[in-house]
Amino acid sequence: MPSSIWPYNSPGIPDDLFERLPGIPLTKREVRLLLLSYLRLEQHSVVWDIGAGTGTIPVESGLLCPDAQIYAVERDEEVVDLIRHNCMRFGVKNVQVIQGIAPHCLEQLPKTPHRVCLEGGRDVHKTLEQVWGYLQPQGRVVAIANNLESLYRLSEGFSKLQARNIEVVQSSVNRLETRGPMQVFAAVDPIFILSGEKL
Amino acid sequence: MPSSIWPYNSPGIPDDLFERLPGIPLTKREVRLLLLSYLRLEQHSVVWDIGAGTGTIPVESGLLCPDAQIYAVERDEEVVDLIRHNCMRFGVKNVQVIQGIAPHCLEQLPKTPHRVCLEGGRDVHKTLEQVWGYLQPQGRVVAIANNLESLYRLSEGFSKLQARNIEVVQSSVNRLETRGPMQVFAAVDPIFILSGEKL
Amino acid sequence: MPSSIWPYNSPGIPDDLFERLPGIPLTKREVRLLLLSYLRLEQHSVVWDIGAGTGTIPVESGLLCPDAQIYAVERDEEVVDLIRHNCMRFGVKNVQVIQGIAPHCLEQLPKTPHRVCLEGGRDVHKTLEQVWGYLQPQGRVVAIANNLESLYRLSEGFSKLQARNIEVVQSSVNRLETRGPMQVFAAVDPIFILSGEKL
Amino acid sequence: MPSSIWPYNSPGIPDDLFERLPGIPLTKREVRLLLLSYLRLEQHSVVWDIGAGTGTIPVESGLLCPDAQIYAVERDEEVVDLIRHNCMRFGVKNVQVIQGIAPHCLEQLPKTPHRVCLEGGRDVHKTLEQVWGYLQPQGRVVAIANNLESLYRLSEGFSKLQARNIEVVQSSVNRLETRGPMQVFAAVDPIFILSGEKL
């Protein structure tokens, strides 16, 4: 029974269909598509989304995999509510939102994950190390870097953990935006996406 | 019953998992993800894919929507076989491949489509016009342009046809490729993706 | 005798060294470098810069070629003053600023140009046609497009005028910006630069 | 007395005007323009170019600053000859090519530099440290990174050396290439350019 607001099997919900809070990051459609692809979600995956922000990844994951168990971790109460709100908005019922700070709060999470999405946090590379211990064999971690330090630390982190099939892509999509009678080229800020698999 | 070679709910199959023929274009993963997103596939969609090349869009569409009816149009017999082969490889059973040249062959296609993907052909903007006549109300067309002429003609075409929700994005992904001990930045040639909806 | 504020032979003055007015476009350093390169300025060139905005091209051209004769055309009085101010600021003495609207005002310009830079205006492709008539043999025109319509019309325009050595590049530079302790990737909006030469 | 083959004051010589050797890297026009800009060359600068490859930076620097003293360092004899050849081709007389391996060979270089361009080598970040010792106060170093390791090490290196005005840009230019009747978008592989100034 698909969502009434996004009644499609395709992922890639337009950014403006989500409820937003000022200052809370939203993972843009083009980046989200890459994250979902590298996550390689399975029907019954246990998914952790750390630093879930607006909740776009939980929503899209829940729509793609209604039988998966998705845990979204956020430290800010207001943002926790935002994620819950967006899940309801899209009719997603298999997301549980946990308020807490990674990596400390990860112990509270009920199941060892098959898939982990690292969307935020200053020290994502430290969270990567912690998370790797919980990850099931053949599990996958996908992480975002919007700055050079994270990019390098995550790349180094995946290497040290001897992750398999490490992939790094930089998404630098331009959108043609209508301004008056013209279609002006506008850049989406470039984001790096890293992923790797546990033996 | 998912594919054994891609047993995931996520779209975005790595390029090298497809069978290939020299010289036959393959729509790269990053571009494919955007196409699938803009197609907004529904469970029972009738999908036309024109200029299907290696068959990546039929395969991914078939996996996302096993109950959809997908028609792939290609003019070259050898490429028709390649598409069939790739569908078998991924266990996709709801794709029918039609050998023919658009727009002439479109009359042979059994149903008016909900979704059309224009992947190839020199005069895509002419095919766009033809296809628009067959398209059902609320239907969507998504088209690729890798050159300036197509980009402009398609953009102009969608305008003339009074398509709604016209969107244009340019995908210019960079991949970090491992060369010896180094991870070198390599560009994927930029592609424009245009889409629009019928009233 | 070089400028005290930019005492270098290299072009590419940082954007923030120019005086600015709110709302007046400034051609960014990365784009400016490409414009200057495609202009192929000569020591005694007569240069027209149409839609000069903040005056970055007149300033850089004047510094590269102190013996050239540079004419900057702008319609808005306030912006005319801004260009003069920036020329003074950088010690550039060979720029004359003309207030007027292209193509009408071009008749007032004292000499047929060797080089023309088209930085602005809605109908740059119309100005291109006018300017081509004034252009000396072996002369060059370089034009900016930040929207699809201009990009296509200019490309078409250069073809119709049978320009030689037509080149089109899209500059899509990302800058690593320091935000707190992090260096975040930020995109400069993509700009197309077209150029061609008269027989 | 300008070059007969590039009789312009503008930098940015087209790539195909240089003599080339198979396998020897050539710093592409778009990247070269950024390097020259960040070098901020002065009339009497002493310039070191390390890993000079095809010699594009020595040639362009020599044309911009005929009174500068430019030293190009290359380890391979054949490439040393290529650089000399390209300097002659463009009438550049103020470049001295030194055969050697950085950082060992740097002692042989006759003068402490005002400007250093690091174009190549596996361990550019180590060369950066060495070079910084020789660099004159207010001197500038500009370096290229085409891989993640170099990008990070160079960024870290400039920080440790307490360089001022550190700037990092990623050049990801697309060129519109004519293929038959079409103008196809083609990407130039992205390159990072880092620069910093000594106190």
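Order as written gives the chain letters A, B, C and D; numbering starts at 1 within each chain.
Operating definition for what follows: a contact is a pair of C-beta atoms (placed from the backbone, for glycine too) under 8 Å apart; a residue touches a chain by one contact, two chains touch by 3 or more.
Just so it is clear, the structure is predicted and the values come from calculations on it, not from any experiment.
Q: Is the contact between copies subunit B and subunit D built from the same residues on both sides or from different ones, judged by whether over half of the numbers are shared?
A: Same residues, largely: of all residue numbers at this interface, over half are found in both copies.
Q: Look at interface B-C and say which pair in A-C, A-D or B-D is its repeat, using the rule that over half of the contact pairs are identical by residue number.
A: Of the listed pairs A-C, A-D or B-D, the one copying the B-C interface is A-D.
Q: Determine the centre-to-centre distance between subunit A and subunit D, using the mean Cα coordinates as centres, and give it in whole Å.
A: 40
Q: How many angstrom between the C-alpha centroids of subunit D and subunit B?
A: Comparing mean C-alpha positions, subunit D is 42 Å from subunit B.
Q: Using mean CA coordinates as chain centres, what's the gap between subunit C and subunit D in Å?
A: That pair's centroid distance is 26 Å.
Q: Considering subunit D alone, which of its residues make contact with at least two other chains?
A: Each of 148, 155, 168, 170, 172, 174, 176, 183, 185, 190, 192 in subunit D touches at least two other chains.
Q: Give every residue of subunit C touching subunit D within the complex, in rising order.
A: 2, 7-12, 29-30, 33-34, 36-43, 64-65, 155, 167-176, 183, 185, 192
Q: What residues on subunit A touch subunit C, complex-wise?
A: 146-150, 172, 174, 176, 179, 181-192
Q: Give the list of subunit A residues in touch with subunit D in this complex.
A: Those in contact with subunit D are residues 148, 151-152, 155, 168, 170, 172, 190.
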